[in-house]
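What follows is a set of structures for review.
What follows is subunit A paired twice: with subunit B in the first complex and subunit C in the second.
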Partner chain A sequence: MNQTVNGTVNRNERDPLLEVRDLVRHFKVGTGVVHAVDGISFSIMEGETLGLVGESGCGKSTTGRVLLRLTEATSGSVTYRGKNVLTLGRAEMTAMRREMQIIFQDPFSSIDPRRTVGDTIGKPLYIHRVGTKQEREERVDHLMELVGLSPRLYNKYPHELDGGRRQRVGIARALALSPGFIVCDEPVSALDVSIQAQILNLLEELQQTMKLTYLFISHDLSVIRHLSDRIAVMYLGKIVELSPTSDFFRNTLHPYAQALLSAVPVAKLHRARERIILAGGVPSPVNPPSGCRFHTRCRCKMPICPEQEPELLDAGGGHAVACHRIHTLS
Partner chain B sequence: MPVKKDAVKKDRRQSQIGEIWRRLRVNKGAVAGLCVILLLTAMAVFAPWLAPYGPNKMNAGPRLAASSLKHPLGTDSFGRDQLSRVIYGARISLYVGFIAVGIGAVCGGFIGAVVGYYGGRIDNILMRLMDVLLAVPQTILAIAIVGALGANLVNLMIAVGVSQIPRYARIVRASALSVRGQEFIEAARAIGASDLRIIVENILPNCMAPIIVQSTLGVASAILSAAALSFLGLGIQPPTPEWGSMLSLGRQYMRNAPHLTFYPGLIIAVVVLSLNIFGDGLRDALDPRLRQ
Partner chain C sequence: MLLSVKDLCVKYVTFEGIVHAVNGVSFDIPERGTLGLVGESGAGKTTTALSLMRLIPVPPGIVERGKISFEGRDLDALSGEEMKKIRGNRISMIFQDPMTSLNPVLTVGLQIAETIAAHQNMSEREAMKKAREMLEKVQIPAARYKEYPHEFSGGMRQRVGIAMALACNPRMIIADEPTTALDVTIQAQVIELMRDLRDEFSTAMMLITHDLGVVGEVCDRVAVMYAGEIVEEGSLEQIFEHARHPYTNGLFRCIPDIDEDNSRIQPISGLMPDPCDLPAGCCFHPRCPECMEICRTRKPAPFTENGQMVRCCLYTRGGAGQ
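Coming up: the complex of A and B.
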């Protein structure tokens, strides 16, 4: 359906590390079906960071969880190094978890309050029977050093740590099995701004030293801009724009993405920007609008928009957009 | 508490049990409760050496005699020495109390954690089953079980234990439901923990508080249920000393010889009280967040 988008900023021309095809996740609720993720496709190259932005409830977190099968997909495929993750058996999936990890949003609820820091970080090693007891302990020491946790915190409980340190514990746990791919599910949005920067720098540093590939989920465009090589914008379960980062900020195409970007308070801009204020609220994901999902709020609406759903197509230079005005947008 | 702080700061790995003991030790009441329980257990173990008379020796003294130097707790209607019977009674009563609660708490706790974690159909089926068990009066349920299995000590414990399962299942399910929604359960799944591991290592430890409180209260009701069954001839047979049956025997002589009900009642109260205080302390010691 969609073209694979290979942006110019990609660091290599190899096969993608992770390829997502027509991924769908619907939730049954009392009043109908929530279209949380409704047919999205993208790929992530090795060593790349793909930023996934969108407002609350657009399905970005669900996307991350479906990739790791923390919630099962309704349909579609997720291919990691040539293996379809979604069809793996239990044992294979457990093995696959060594490769794919996640860092959670809320460091206060993502760590078991009854376990010590050392115990939490060492748990993945224990579950996957990595090395001897002593080797595991050494590995935990190493991991703590890697994420900047003092060794004296080994026996501390999560409630004794501040948010930043807790998030470092979460990061160390995700790194314990030396994964190749990590979903960062809003890893800094629960933290103070000063600590956000520390954690973002840590993630960047780790990416270089451990050759990690990130799917970085956030609602904060400035955070995404700082970290991502490419950016995907989601709206109501669909990707509406997928572009190399620099190109995205220079030349935002989709009307929704433009509105999103205009809402970010940035001091320096290349050109004077008007503030686009969207009318109305986000339509219910239970009954998403027909055709283009954004047509109810779009200022560039055309007669075709409610009729036909636009596909995500390349508008040139690896910059893809799902809009009927694709040829006139820029 | 500077000593404790230093212990935590040490880079050495501390075992979990050692850590819990360190926290428990600070709570004087809990330590006292534990001591009383250990003393009573020792009393049960060393009963033959401690008891002045055989527990079933009739006419060891005059019948229904009040406390005296020869019989510190008096004698019962058969002239048996009350002190010796209380000491020997600890063997059966404590045994029944702990094992029955153990059966109830372990099975009920596990069922509660499983249904709370999985939810859905399993939850519905098992909890309706628990409702059925709850709907039948506990004693009648226990009678049915003993009646089906035969009257002896082991079946008595099973009967009392099984009849206690539903309450544990209910309270643990409620806690498990709230724990299940937390992100650290998802995190455990992300690192490859199996469902069983999550239930045992994440859900249950976070549901410990209500289990402990319920268990410490449950020991008393288990002892009394066992006594009720024994009274009906479905548990321990008459001459065997047991606190609950001593209570029900003494009831007939309450007016003339109150010591027959007073002492067995007192010792059950002491067991329950010390278990409760100890249980409270243990619950706090198990919760790292409560440490100051």
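Coming up: the complex of A and C.
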């Protein structure tokens, strides 16, 4: 499991580890169909962190869950190292789960309250029949050390731990089977800022030492900028902008992404910026607006916008945007 | 001074022990002033706010000591009936979660009118009319007066909460994490609305939050709380650009910089102390990167310079603050 060579990781930037094509997830509800994820495509390179950002209900968590088949896709494909995850049989999928893991937002509800810390972390090893009982226990000890949990917590229950430590348990559990890919679904949103910083640093360290690839879901743009190599912005089930992180922050193209970025309160004085306040709330995903889904709140709306849906197109340098004004955006 | 709090101490008696929630908090808020009360979970921010409104549940809570004066009157000396006339009328509160703070079985119009009728000498009709006006003030069409809270989005519910808080034209508003449950674009709308209305009604405000960004948008003074104490207080500029307390500096270093690629973050090591068993000496010393021998035993006295107060032995060591 120690794949580190002199503390450095050889990132193969060319091979996508994970490729998502036209992924759709609809939910039937009493009043119609919720278009939670509505045809998104992206790929994640080996060793990369893709940040997925958006507001509540934009479909970012559903995306993460569909990738791991915690909820089944309506259509589309998810290819992991050349295999379509969505069509795997039961046994193959079980094997695949060793490779793909998830860390959840709320460490209070994602850990079984009746299981001890050691049990929780060792459960994936038990399910996948890894090693003997003693080997599994040794592995759990090692994992606990890796995520900074003191060995004396082995027999403690989750209610005896604070939020930060619980999140470390969730991380250790996700790492137990040495996965290659981890979906981090708002892993620090429920934590206080001083603990949040501890967990962010831990996730970065682990990525280096264990050669992990992350899909990092968050609503916090400063956290996303800190961690991600590339960033995808979602709005009402669609990706509206997908770009290398530094490029995105230097030159934000989509009017929604611009508004989102300008709305973040920043703990600094004298920071020059234009504040864009969007009118109204996010429309219902049951009947999303026609054409471009953002046209109802967009300050750059043109006659074509309600008529035709813009495609996600490259505006140069791998910076893609789904907007009819792509040629005039700067 | 509109509001003056001196040496407030609040504890809760529980089966696990005595929780020392607020330990000697003092601050002032002038007319039209906005104070941001910042800190992490368990720092005692909400307990401070609730004790101003005399809303601490007794038992388990005990307000041990402290003097709160508001508009020149000593609030502790007031009877329950007299306090009712102040609560919701002269001082009102905006809560974090508008879904649980609104009554789900009453229309929003009725809930606002109820507040007005309780405090102002008005007929029911007049109160209803005023409630409609308040809805328009928070940019909700008055026609939605007869709708129930579940028919509104999160941002709109919080606006209803703001309308209710402002309905009696209070002198002071206590806003307890008013935008924490909201998405960032909706938060921006609500912050702008709160700022505009605060100026229009010339209301003083105490804003409780864990988000230093929100403080920067709204407040003119900032008090940083840790383990039930205000460890530093000063103007927005003093706290944001010349913070003195190692905890305040640590908080700023924990936030990734949104304006830079590969920004560094430096966590504060360790955890918040157990409020049942606070450390001796300075309560921050077990986590402090600049901890000295004296910090383990001596509680730092407040040291004030140019209106910036800090409780840290780094500043009182030379006897400067004593």
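Convention: the second predicted complex is superposed on the first by the 311 of 330 C-alpha atoms of A that agree within 3 Å, B and C clash if a C-alpha of one lies under 4 Å from a C-alpha of the other, contacts with A are read in each partner's own complex, and residues count from 1 in each chain.
In this section, a contact is a pair of C-beta atoms (placed from the backbone, for glycine too) under 8 Å apart; a residue touches a chain by one contact, two chains touch by 3 or more.
Quick caveat, the model's predicted, so the values are computed rather than measured.
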For A:Val24, select first, second, both or neither according to whether it touches subunit B, subunit C, the two together, or no partner. neither
For A:Gly164, using the defined touch cut-off, is the partner it touches subunit B, subunit C, both, or neither? Pick first, second, both or neither. second
Quick one: classify A:Pro151 as touching subunit B (first), subunit C (second), both or neither. first
Give one of first, second, both or neither to describe whether A:Arg97 is in contact with subunit B, with subunit C, with both, or with none. first
Touched partner set for A:Pro113, first subunit B, second subunit C, both or neither: first
Scan A:Ala263 for contacts with subunit B and subunit C and give back first, second, both or neither. second
Please work out whether A:Cys300 is in contact with subunit B alone, subunit C alone, both, or neither, and reply first, second, both or neither. neither
Does any part of subunit A touch subunit B in one structure and subunit C in the other, and if so which residues? none
Given the complex with subunit B, which residues does subunit A contribute to the contact? 65, 68, 70, 94, 97-98, 101-102, 104-106, 109-114, 116, 118, 123-124, 127-128, 137, 151-152, 154-157, 159, 170, 173-174, 176-177
Contact set on subunit A toward subunit C in their complex: 55-56, 162, 164, 192-198, 200-201, 219, 221-223, 225-226, 245-246, 249, 259-260, 262-269, 271, 275, 277-278, 281-282
Subunit B residues within the subunit A interface of the complex: 8-11, 13-14, 19, 182-184, 186-194, 197, 202, 205-206, 286-289, 291
Within their complex, subunit C touches subunit A through residues 40-41, 153, 155-156, 183-189, 191-192, 210-217, 236-237, 240-241, 250-263, 265-269, 271-272
